[in-house]
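There are two complexes below, and they share chain A, which is joined by chain B in the first and by chain C in the second.
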Partner chain A sequence: MEMFFHGFMQRAFQASFLISLIAPILGLFLILRRQSLMADTLSHVSLAGVALGLLIGVNPTFTNILVVSVIAIVLEYLRVVYRTYSEISIAILMSAGMALALVLMGLNDGGATLSMNQFLFGSIVTISEQQVWMLLILTIIIGLLYLIFRKPLYILTFDEETAFTAGLPIKTMSVLFNILTGITIAVTMPIVGALLVSAIIVLPAAISMRLSNRFNGVILIGIVLALIGMFSGLVVSYKIGTPPGASITLILLIVFVITIFMKKILHYIKREKLFKSTDMSVD
Partner chain B sequence: MHYIEVKNLAFQYEEERILENISFEVGASDFVMLTGENGAAKTTLLRNILGLLKPTKGSVQLSPINRLGERLVIGYVSQQVASFNAGFPSTVLELVQSGRYQRGKWFKKLDKDDREHVRRSLESVGMWEMRHKKIGELSGGQKQRISLARVFATDPDLFVLDEPTTGMDTNSREEFYKLLKHNSSEHGKGILMVTHDHEEIRHYADKHIELVRKEDSPWRCFSMDSCKELSKPLS
Partner chain C sequence: MQAINVTNLTVSYDRNPVLENVSFTIPNGSITGIIGPNGAGKSTLIKSILRLIPSNSGEVEVYGKPYGQQKQLIGYVPQRSEVDWDFPTNALDVVLMGRYRHIGMFKRAGKAEVAWAKECLKKVGMQDYAQRQISQLSGGQQQRVFLARALAQDAMVYFMDEPFSGVDAATERAIIELMKKWKQEGKTVIVVHHDLQTAEDYFDHILLLNKQTIDFGETKKVFTLENLEKAYGGKIAFLQRTPSTAKEPTAHGSLSYQPE
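Presenting the complex of A and B:
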């Protein structure tokens, strides 16, 4: 219980709660639009944003948001250019982001190595009040956008051509979605780390997709799973001193494995019941 | 009133000419069938008409309004929808309901009238009993049916259908053509449909456009012969 008296842990739980609300929404759309790796690309690119901020002495979160937003637009352009091989854009930008981050860090003469480590692996100690406020604003924006635009988003995700013929501005919607994903990654990254931020966004939705047939159901179950993963990950991280991003990811992966296992057992039980009832009716 | 006006359309992909000299109109109450051999660029032509591709030459005009002066609503059924195969988390009912969004319901709740439309649309394609099934669990023919149900639920002014009867048996096809005919003749809907069943459908359609290969072209290029008015059997 004593961990709840620390200010940094209170901020960590507040931030985790907010991340749990938005991650499954973004995660589901990323998965359905075959852009799961986009989050990974943006997290690599955001390292360059952080390195730039540290180099020029500006708050890294702000430079990060700027860099990631620009790259999110470029990603959408490349996705359309390489429509059939959309992973090309991911490969190009992921390596470009990493290379740029390394060069900028090199220019900084190693002075920012400690800060970079925090951004790479995440840290619950460094979450500031400002970051929690930024997350709160972002959560409100994403929540409202989802509530207002969930019907157009449903069609856009189902089939872009259907969305286009229905008169939806698919380009603008795609770019805005990418930018929002980018900003979320930029704001979430200092807490969970650049290397695992995409897993935390994608995993809850990936698990809940196996548990619900309905669109809203997937998001609601995803939020519950994200809360379980985030909170228990934070506790583990505090108790045994592991990086928060890694602890949360591992817990979500355990939930993923349990879900698959339970579904298999349920499927088996259902099948056995069906066979038994068929046998009885034959008798 | 013309919902679609195609004038001297040509389309080429990189250096290769694919379509040339295409001109026709589809008006309110017109039931037009578009045929051609496999690879005759029928889908490419539809995609040009809908604005998904840009014609290299010529023009496509889609009327912004319907015959009542309201915004024209288009219902499009493509040959293949990728999300159907990717475990998209949606029930049949959710998907067909989404057809109503185009009817001014993007930001409004669906009402009793919308739900009635959805029910009738699902019943018309024989899928009402399957309404709670996940769409990814359906067979190819069933997926095609719910795509059609979705378009019927939209109740569009203009139907653009790309081989909509794939996977349907003869009776279902017959029922479907009757339903389309009823929509065009009784409710003034425009219909442009790509099909291979031109013998079956000729009793229902008003016009027939056939894409034929241009003999004098060095590319596999298609053009239209003419837009034939179809004679109806005496009832």
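Presenting the complex of A and C:
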């Protein structure tokens, strides 16, 4: 219980709670839009944003938001240009982001390396009150946008061509969605780390897609799973000193394996029941 | 009254021309089949008319006005394979997507809209599958959900991309009945189709295409051996109609295209 008395742990739990609310919404749309790797790309790019902030002495989160938003727009452009090979844009921008981050870090003197490590692997000790507030504002914005744009984004994701012929502003919505994903990553990565932020966004939705076939069902179950993963990950991280991002990801992966296993067992039980009932009817 | 007027439409992918100077005028209240060999640019034609693919040049008019001003009159039924059928949604929700233009972007579907969507499902014989997850539907049932969505759109001009491919006989009949119903209501239907055996029965107008317009007009006039040889480059074989499929004798028996 004593961990809840630490200010940094309170902030970590607050931040995790907020991330758990937004991750499954973004994650589900990313998966359905075949962009689950986009979060990875943007997290690599956001390293460059952080490195830029550290180099010029501006709050890295702000430079990060700026850089990631620009790249999110470029991503949409590349997605249209390489329509049939949309993963090319991911490959190009992922390496470009990493290379730029490394070069910018090289230009900086040694002091930035420690901060960079924190952004790569995440740290719960350093979550500031300002970050929690930013996350809260972001959660409210995403929540509101989700309520407003849920239906058009849903139509767009299911069938982009028909959405276009029906007059939906598909380009604007796609770009807006990419930018929101970028900003979420920029705000979340100091906590969970650039290398694993995409896993935390995509995994809860990926697991809950196997548990529900209704859109809202997937999101609600995703939120519950994200809360379980984030909270237990934080506890583990505090107790045994493991990096928070990695702990959360591993717990979510364990949940994933358990889900598959349970589904298989349920399927088996159902089949057995069916066999038994047909046997009885034959008798 | 002309429903669609296409003038000199040219489309190319990476400088390779896919459609060259295609022009035709589709009369209102007709069912037109776009026929041609693989790679003739059939799907590209309707996609470029709908501006899903950029065109190099050309004009498209709908009821005498530029396409951009008449978008709300258009309904589109894409190929079944272009959509993710594992998407977490049910048949009723897919049909409701067709009502978006009527409901408005930010409003929820009311009781009347849901009732209308259910009515559309009923018209294609899918009323019992409203709550069924779409991945659990057969190919024909999925196509019928698409038809119900098109019905829900309540458009004046429908573009359908290969609606008959991979569907069962019941769905095929449902599609034909729906097309005829639309025609009776004075609506216009344009269908990309690849099966020469059925083209004569399904369409009153045919656009024979192979990168360029080979011919366009009433089926009887266009569907000739000479024209088909022009479109398919001589890869046309004569087939005798089997008694079960023959409805009435035709001048040229039945034709089939044999791809290499």
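Everything that follows uses one rule, which is that the second predicted complex is superposed on the first by the 283 of 283 C-alpha atoms of A that agree within 3 Å, B and C clash if a C-alpha of one lies under 4 Å from a C-alpha of the other, contacts with A are read in each partner's own complex, and residues count from 1 in each chain.
Criterion: a contact is a pair of C-beta atoms (placed from the backbone, for glycine too) under 8 Å apart; a residue touches a chain by one contact, two chains touch by 3 or more.
None of these values were measured; they are calculated from a predicted model.
Chemist: So if we stack both complexes on chain A, do chain B and chain C clash, or do they fit?
Modeler: clash
Chemist: A:E272 contacts which: chain B (first), chain C (second), both, neither?
Modeler: Neither partner.
Chemist: Contacts for A:E129 in the overlay, against chain B (first) and chain C (second): which applies, first, second, both or neither?
Modeler: neither
Chemist: Just which bits of chain A does chain B share with chain C as contact spots?
Modeler: The overlap between the chain B and chain C interfaces on chain A comprises residues 28, 32, 148, 151-152, 154-155, 157-159, 161-162, 164-167, 209, 212-215, 217-218.
Chemist: In their complex, what parts of chain B are in touch with chain A?
Modeler: 50-52, 74-76, 78, 81-83, 86-91, 94-95, 98, 101-102, 105-107, 132-134, 160
Chemist: Within their complex, state which residues of chain A touch chain C.
Modeler: It is residues 28, 32, 148, 151-152, 154-155, 157-159, 161-162, 164-168, 209, 212-215, 217-218 of chain A that touch chain C.
Chemist: Can you list the chain C residues touching chain A in their complex?
Modeler: On the chain C side, the touching residues are 47, 50-52, 71-72, 74-76, 78, 82-84, 87-90, 93-94, 97, 100-101, 105-106, 108, 133, 135, 149, 153.
Chemist: Considering the complex alone, what residue numbers of chain A touch chain B?
Modeler: Contact set of chain A toward chain B: 28, 32, 34, 148, 151-152, 154-155, 157-159, 161-162, 164-167, 209, 212-215, 217-218.
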